[in-house]
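Note that the chains are named A, B, C, D, E and F in the order they appear, and that numbering of residues resets to 1 at the start of each chain.
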Amino acid sequence: MTKPPISRYPAPELRDLPDDIRERIAAVMEKSGFVPNVFLALARRPDEFRAFFAYHDALMEKPGGLSKAEREMIVVATSGVNNCTYCVVAHGAILRIRAKNPLIADQVAVNYRKADLAPRHKAMLDFAVKVAERSHTIEDKDYEELKRHGFSDDDAWDVVAIAALFAMSNRLANAFSIRPNDEFYLMGRETRG
Amino acid sequence: MTKPPISRYPAPELRDLPDDIRERIAAVMEKSGFVPNVFLALARRPDEFRAFFAYHDALMEKPGGLSKAEREMIVVATSGVNNCTYCVVAHGAILRIRAKNPLIADQVAVNYRKADLAPRHKAMLDFAVKVAERSHTIEDKDYEELKRHGFSDDDAWDVVAIAALFAMSNRLANAFSIRPNDEFYLMGRETRG
Amino acid sequence: MTKPPISRYPAPELRDLPDDIRERIAAVMEKSGFVPNVFLALARRPDEFRAFFAYHDALMEKPGGLSKAEREMIVVATSGVNNCTYCVVAHGAILRIRAKNPLIADQVAVNYRKADLAPRHKAMLDFAVKVAERSHTIEDKDYEELKRHGFSDDDAWDVVAIAALFAMSNRLANAFSIRPNDEFYLMGRETRG
Amino acid sequence: MTKPPISRYPAPELRDLPDDIRERIAAVMEKSGFVPNVFLALARRPDEFRAFFAYHDALMEKPGGLSKAEREMIVVATSGVNNCTYCVVAHGAILRIRAKNPLIADQVAVNYRKADLAPRHKAMLDFAVKVAERSHTIEDKDYEELKRHGFSDDDAWDVVAIAALFAMSNRLANAFSIRPNDEFYLMGRETRG
Amino acid sequence: MTKPPISRYPAPELRDLPDDIRERIAAVMEKSGFVPNVFLALARRPDEFRAFFAYHDALMEKPGGLSKAEREMIVVATSGVNNCTYCVVAHGAILRIRAKNPLIADQVAVNYRKADLAPRHKAMLDFAVKVAERSHTIEDKDYEELKRHGFSDDDAWDVVAIAALFAMSNRLANAFSIRPNDEFYLMGRETRG
Amino acid sequence: MTKPPISRYPAPELRDLPDDIRERIAAVMEKSGFVPNVFLALARRPDEFRAFFAYHDALMEKPGGLSKAEREMIVVATSGVNNCTYCVVAHGAILRIRAKNPLIADQVAVNYRKADLAPRHKAMLDFAVKVAERSHTIEDKDYEELKRHGFSDDDAWDVVAIAALFAMSNRLANAFSIRPNDEFYLMGRETRG
């Protein structure tokens, strides 16, 4: 059986890419052992690639009030709501690893309300999913509820911004039919110690 | 960390159950190596337990025009639409095993339209998901489309009945908060040969 | 004018049916004076017929905390939400009879919130309709609200299970186009004493 | 048991009403044997009463391309979609009488797609329900489909205008909780000859 | 470039209209300097024209508890929800003039929750939009919330009736594709003093 | 009356900002005569600011198959669907200027289907709005329809990417309550020559 294409748009050849993009792709290959398809799919447009990953890194990789596992929970929950296979599968893998929990990603993707989560995390995902689905109705009460669970103003900004970034990312991956790499499905599924 | 309960309603003690139900549970334990929580959760009501599994077996286990993997695809796709964690996780495992495909369940649960599926299976899931979401609008054209993909009248009945059975099952599992057993998450995820 | 068919699938001949099914149909004919079309429509599949009516009887006919009229209210309200003509018309008739109230079924089918109902019954239908429409969002607060209106844990189970059974039943009747018998429309409409 | 009030707003005393309104109410009492509650509920505001019934009569009573039964089908189908108990019950009665068909109103109110209707009437209700639910998406194709079923431009205007008038009427009756008179429920339910 | 037609239905010639309608149109021309297209579009049906404007005047022009600007806010907010270009543009102009505020109409049309409005006006529009979108769920609590913001029973009636009238009006303008006159777009946009 | 704040989060002082950001803000001030509030609101997070405007410029300012007016149409239509006041008002102004058309922005924001647009532009907005609302259902047919109206593969990428970028942008502006500057409302409204 032929492997399905990585996306509706053909991936560019690595040798045709600008140096900085080829280096970024080499670095992720080095670190993960494979190149996640979103890198190849978006490399077709170097300027958009650079902006996308700059945004991604600013929100997902920098130090901050939210743990990296919490940020990935937001990604997986909102990507589930948006029915984005690429983001649920790829970020589900990252969430399992960052939370050191092999069950959490599937639970959060299908229905975070029934997941094994602390009340703080359900409140965080209530807010994030509201940003994803009906951001025009976000109001003071929503922020107050976050604050009641110990989130600062800067944490609230991060919840909004991550949900918003993946509103974009989910639409790109869905409309371009970006296919998750096979490697993601099994990552982080080893039993808890 | 304490394990969360298997459901909002406490499971009955095995020794308090009628013989036929205890035997059914012993048989599934024997076969799978663990007892899926839905058996314990529903055993609280023996008559409903019997009817539920009689219905389940009539649709999911008997010989018929749809393969067992196809039936599980219908379960996973409609359970995804209904945000039912128990059914997505448990039947996702069964689908991976029956389809001998470690990737298919996550793809079908999140968005079957982008899954690695033949056109016949997309047509089957278009129909099943329409039964799940807007059955009052099912019309002749929907049946004709199934027929065009090689489904017989009896196959169409099966698609309807499986989608309908899991409309029930998803609501029970959601409203009772039935928790999927940890064992399901990793089943059938070994790499394809 | 020719009578429209009872369903998209032809009904089997009574003489071709297994004895237990033919007897069940004869019994309902004896009791009601006609055979509700759902019996003939589902008899095409004897094992499914048996499971369906076993489930139905376990929830709708056995003694329990909910009165029989209350159970029918749940059926009619959720079937209205699912736009199921068969179930609204057939169970509307049963509700009128069991509640000894000629007005209640039409009120509950169109909008239970404006029906002549006690607060206890509105709370029951709020819960049931939430199970029908968004079961993945059912939470502790919903159960507490039921309890506040005097429903026990077992009553709550019944509300869930009846709403879930008719989620299935409505999808079968809608997708198979099961037609309500003419007899139902007028049953129980005599003026209150 | 006390009779529930006819509406959230108290009805004015007949003797306090302007002559023309009192006469209109007397005329309907004379003709029907009772005063439909919408007359009493809206009489609180004489100018609005006059405009409402002038609009109603212009669309529902005048000669025109649509039969009176067809007009009532539009009212019942769109009022079902809007969950308006008053209009479904009151106009359901009128539809049964005008169509000389005791079954049609309940069928059209719950799901016109499965009702015993000619294709011409299903096309008419497809259009009317689209006006009720998503009028901003009405396009040339919708008008062409009506034309294909023999409706003139003026008939199409009538379908739009009746669906629009009852979009208003349903919201008034819902928000004011106007209660249908008991008399409506049984009208026109005698068996077909 | 040819000017697009004022509506899907051709406007009648002024000279063919009944005197009272021609006079009403002349009066609005005199007052506004142009004839809003809704007058020409609806004049095709004189009786409906008369009823429509009688209703409109009874709710929008008479003295009452709601200021004229408040009434226009209701029109603009609900017309935004119904995606009605004619009503948003035409009544947006009137709102700007009556509120003496060049910004308010665009804010209210897109998302009144984020508009520069007093809490009283947000409560009024919460209620009005609920009438527009889900009138069957309006309940006592909604009326109490209005009362808490100083609205009387008669004010509440007006909010309902205006939202209901424009539920009709929006559907007529959408389905007939009534085009807003170019003049409306710039009216009332001069800077606040 | 005090001016409402530009956003839920206080804007940083210009003097506290990194040089590149202060320069970007000075440049836009120079060009437009005022600083659009989104610049001040996002400057609170310099890295996110840089990524946001890099993405924006890559899609909205570079040469390409879509005209600048076409790109703004996509922004305004999808921002209308997402009820984002900031983006509808600010990009509505830019659309009026780029399209040299004082009417188009309000039409596209409320209901592009009824706007004065060529069929090519309606097809473009059908696609863009589908990306905004249900990107998981985008399929080959949607791309083919675009192609039929003369859009290349790269044009289709741009439509997707602009709709996706503003899915993010709308959520940021909505959740942060970014207020459109007063200046935008009147820009580009001068009559066509």
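The rule we apply is simple: a residue touches a chain if its C-beta (ideal position, glycine included) is under 8 Å from a C-beta of that chain, and two chains touch if they have at least 3 such contacts.
None of these values were measured; they are calculated from a predicted model.
Traced through touching neighbours, the fewest hops from chain A to chain D number 2.
Common neighbours of chain C and chain E, listed by label, are A, D. Path length between chain A and chain F in the chain contact graph, taken as the least number of steps between touching chains: 1.
When the contact pairs of A-F are matched by residue number across D-E, C-E or A-C, over half of them reappear in D-E. Chain B and chain F have centres, each the mean of its CA atoms, that are 44 Å apart. In this assembly, the C-alpha centroid of chain A lies 28 Å from the C-alpha centroid of chain B. Residue positions of chain C touching 2 or more other chains: 83-84, 111, 114, 136, 174.
Taken pair by pair, the chains that touch are A-B, A-C, A-E, A-F, B-C, B-D, B-F, C-D, C-E, D-E, D-F, E-F.
The touching residues of chain A, counted against chain B in their complex, run 4, 80, 83-85, 88-89, 92, 102-103, 106-107, 109-111, 114-116, 174, 177, 179, 182, 185-186, 189, 191.
Residue ranges on chain F touching chain D, taken from their complex, read 111, 113-114. On the chain D side of its complex with chain E, the touching residues are 8-9, 44-45, 47-48, 50-52, 54-55, 58-59, 62, 82-84, 131-132, 135-136, 138, 143, 153, 157, 160-161, 163-165, 167-172, 174-176. Contacts from chain E toward chain C in the complex involve residues 136-137, 139.
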